[in-house]
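In the two complexes that follow, chain A is the common piece, with chain B as its partner first and chain C second.
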Partner chain A sequence: MAVLTVKNLAKTFNLGTPRASRVLDDITFEVRGQTFVSIVGPSGCGKSTLLNIISGVEEHTSGEISLTSDEGRPARMGYVFQDPRLLPWRSVLRNMMYVQDDQGEATVARARRYLDMVGLAKNADFYPGQLSGGMQQRVGIARAFAVEPDLLLMDEPFSHLDAITARGLRAQLQDIWAQSKKTVVFVTHDVVEAVELSDRIIVLQPGGRIYEDIGIDLPRPRRQTDPTVATLQAEVLARLEAMKELGRTTEPVA
Partner chain B sequence: MSTASQATVDRRRSTSEIERSTPAWRRRLTSDRAARVAALLSFLLVWVLLSLLFRRVPGPVEVVQRLGEEFARGEVFGNFGSTLYRFGIGVALATVVGIAIGVLMGLSSLSRAFFESPVLVALSIPAIIWAFLTVMWFGFGDLSPIVTTFLTSVPFVVVNVAQGVRGVSRDLRDMSSTYHVPVSRQVRDLVLPAVAGYIAAGVRFAIIIGWNGVLLAEWFGGGGGVGYRARWWYDANRFGGFAAWVVLFVGFIVLLDRFVLDRAIRRAFRWRDS
Partner chain C sequence: MTEQLVGAATAAPPADRDGREAGARRTAQLRRWRRRGLLVLGWLAMLLLWEFGSWWYGSRLLPRPHEVFLKAVEIVESGNFVTDFSASVLKTFAGFAVAAAVGAPVGYLMGRYDYWRAFFHDGVTIAGTIPAIVYAVMSLIVFGLSNLGPILAVALVSAPYIALNVAEGIRGVDRSLVTMSEAFGRTPRQIRREVLIPTIVPFVFAAIRMCFAVAWKVEALTEVFGGRNGVGFQIRTEYQLYDIGAVLAWMFLFIAFMLVIERLVLFRAEARLLAWRPEERGTAL
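After this line comes the complex of A and B, so read on.
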């Protein structure tokens, strides 16, 4: 079981220069086990920065961050980006193999299994340029699941897609997650999407603090048409409207 | 005025309609191929005119004759073969070393700082200087043309590759490091394919610049080869023989570029067209 611990995390870009800007101020939370956590907040509040610090691409300025797995090996991470980030000169399957440590037959079979789960079994030998944007994004999702990550990071993976494609992929993501039960940290600016997918929503406010930490206790699978889902979505939205009125200068409530 | 009631109809013609209304001979005359043929013909025409005007310019017919005589003397295969051998080794070395240094320079700012000035200096040294130096150092033999070819062409490969590597998508490199893809695999499967176009451009330069090097080193050295043979005719004041060798080698480079390099490059970029 993976445990992600973030404690008093802060990030200042261009530290020590006149352009210094503090994006994350004081972030503390912990995620353990098979939970789907969303990080929600308005554009520019530091969600991607937080995710990049967790993944190790970005360094943090102060505070602590750790990821442990009890499998007796370093924790593995998967990352689904806002854009597909595929190598255009490699076929779909070979793109998935590019990020795998093990290049053996069993790993190929696993990659094919996840490709099948996102409905692209027939496209294994296609080049990314031959797929639509939605299909490419599905390859990115399959690639992330296929490394069997202890922690799966997703950064607004559906925000570049049209509404119909995005809805289909959200349903598909719910299915795959139900089968594989990974620990997921999912970044989005869309509260409605967060409520549909998550067990827990961490709300980030501008200025880089946590505004609220909300548990979402709804049965799965969740449908957009289900009135209880819609009610909760409206309720969380209303709470975020209240945050906006507090503005940048206010102390966090949570 | 009655113009107010008149409607203006702007009817545009479709591509198929335009194509149907253009006669075939006109389409052929305005094609790219026609332009290439025209360039070749005007070159030949200018050559013939110059040879008619100046006694010391051998015309195409004479050059072909001299070439035929060289073949008959059995001079062509041996000399051409040794030039190709030296040229091939020099360009191959320049490609391998150039890619290695270029990738290093593109990936690490430390090695960029180290190699930047030497590469710039090397770029500005003309082939003739290397030819003199290597003949002085290594004497007559295969080594001086090989080293001259290598030294004149390697900086062009380095500069092209380094520029290509710096342009490799930051997003794809971030993706690779979040997944902990080993550096060797990143170089092989991400960096090299991404800079394939720059490598191809670099190798093309290497070939075009490098043949200056090989011919010059052979010219001043004495170990046989196309350059040596061209000089032999030049010293004998027989410009027909001299021109025959130059034409032979230039023709070879052009055909190599057209039918081997161009095709190899197109094959490497299959993924782009699909």
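After this line comes the complex of A and C, so read on.
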């Protein structure tokens, strides 16, 4: 079982210069296998920075992070970004193979399977420039799932898409996740989306501290139209309103 | 309301649409033929002007078009054509190779590091502005009568272009693709091969195409003054024999040959390599 541990994590940009700004402050949490965790907070509170640190793309200033994988092998991570980030000179399938260590037939077959799950089986040989933005984003999702990551990081993957496409992709994501049961850390500024998708919501407040850690115990698959989902969404939103009040009284970030 | 809208959108009978498409096709075809006609007229006017010039100055000073054409056939039929052209082309490409070997690393440094950019920037810009004839003369002074002169001239003309374009390419690399690669654990080597180089290729091609147009003229010019073989050398020899017809024939053959290389070799290779660009796909396939 994959376990992600984050302990007393802090991040200050431009440390030691007059422009130093603390973005994350004393973040501690743990995620244990097959959980869908959302990190929610207003924009600029450090969500992307946190994901980048977890993925190893960004250095952290202090604290500890560890990720253990299932069988003691090095842990694999997948990342879905806000934008598709495909190589324009590689076809869809070859983009998915680019992030794979193994180039064998079994891996190709797996990539095709995930491509099929996002409804793009027919577009394997297309170049990204020949796909719409929503289709490209689906390739990005398939690419990340196809590495069979111990931990899947997603950074506001639907925020650049129109509402209808985004709703369709959220449903697709629920399906794929139900089939593959990865550990997911999903960043969003959209509470409604977080409640629909997650087992658990970690709320970050401006200044980069954890404000609240909320468990979402609802049966799946969840429908937007389900009144219990809507009720919980309203409840969580109300709690975040309370955070905004609190945000005004906390001291400004150094 | 809605139904009416839907009805209106699908109402146009297919027959009518086909008719309109056929009409548009005919108009486009007509326009194409008119353009071809003007092209032919342009050529005829040019030849007529040439004929008139020959008549005015006498065909010893300015040979008539068909005389030059026959000379060209003669040159092609004698073996000289192949040896001298391949000599010129080889020297041009050797010059390119030298230019790439020097220009590409300089361009890489300029694109990658601000310090090196500051160091090279003005020098490279000035080197790119110096007229090609100056490089030709400089190469002659350095190497005298030798095959190395034309190679050096081509290298000097091309290197600044290649450096500037490679620098531009490196600076155009999409950082977010590099971050993506790192997040998926790709090695620096993979990132260089799969992200950096594909980004630079179009810029290098632009540089080569731009250089090629200038380079082969400089190459020939340098040969005229100090070559031991090649097209420029042949032009000088014929000039010394006062055979203007042969001079013109060599010149036209050379122009034709280089245009063929540019169109067929460079454009084809570029279209092939850049097939992923949506607007290039049509020509590549």
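Methods note: the second predicted complex is superposed on the first by the 246 of 254 C-alpha atoms of A that agree within 3 Å, B and C clash if a C-alpha of one lies under 4 Å from a C-alpha of the other, contacts with A are read in each partner's own complex, and residues count from 1 in each chain.
Just so we're on the same page, a contact is a pair of C-beta atoms (placed from the backbone, for glycine too) under 8 Å apart; a residue touches a chain by one contact, two chains touch by 3 or more.
Note that this is a predicted model, so its numbers are computed, not measured.
**Student:** Given the superposition on chain A, are chain B and chain C in a clash or a fit?
**Tutor:** After superposition on chain A, chain B vs chain C: clash.
**Student:** Per the contact definition in the header, classify A:130: touching chain B only (first), chain C only (second), both, or neither.
**Tutor:** both
**Student:** Touch check for A:87: first (chain B), second (chain C), both, or neither?
**Tutor:** So A:87 meets both chain B and chain C here.
**Student:** Just chain B (first), just chain C (second), both, or neither: which does A:147 touch?
**Tutor:** A:147: touches chain B and chain C.
**Student:** Identify the partner contact of A:77: answer first if only chain B is touched, second if only chain C is, both if each is, neither if none is.
**Tutor:** both
**Student:** Answer with first, second, both or neither: which of chain B and chain C does A:28 touch in the superposed model?
**Tutor:** In the superposition, A:28 contacts neither chain B nor chain C.
**Student:** Applying the touch criterion given at the start, work out whether A:224 contacts chain B, chain C, both or neither, answering first, second, both or neither.
**Tutor:** Once the two structures are laid over each other on A, A:224 reaches no partner at all.
**Student:** I'd like to know which partner A:66 touches here: chain B for first, chain C for second, both or neither.
**Tutor:** neither
**Student:** By the touch definition above, which chain A residues appear in both interfaces, chain B in one complex and chain C in the other?
**Tutor:** 52, 55-57, 77-79, 81, 83, 85, 87-90, 98-99, 101, 127, 129-130, 147, 153
**Student:** Would you pull the chain C residues touching chain A in the complex into a rising list?
**Tutor:** Listed in rising order, the residues of chain C that touch chain A are 176-177, 179-186, 194-195, 198, 276-278.
**Student:** Touching residues of chain A toward chain B in the complex: what are they?
**Tutor:** Residues 52, 55-57, 77-79, 81, 83, 85, 87-90, 98-99, 101, 127, 129-130, 147, 153.
**Student:** Contact residues on chain A for chain C in the complex?
**Tutor:** Interface residues on the chain A side: 52, 55-57, 76-79, 81, 83, 85, 87-91, 98-99, 101, 127, 129-130, 147, 153.
**Student:** For a test of understanding, state which residues of chain B touch chain A in their complex under the given definition.
**Tutor:** 171-172, 174-181, 185, 189-190, 193, 271-272, 274
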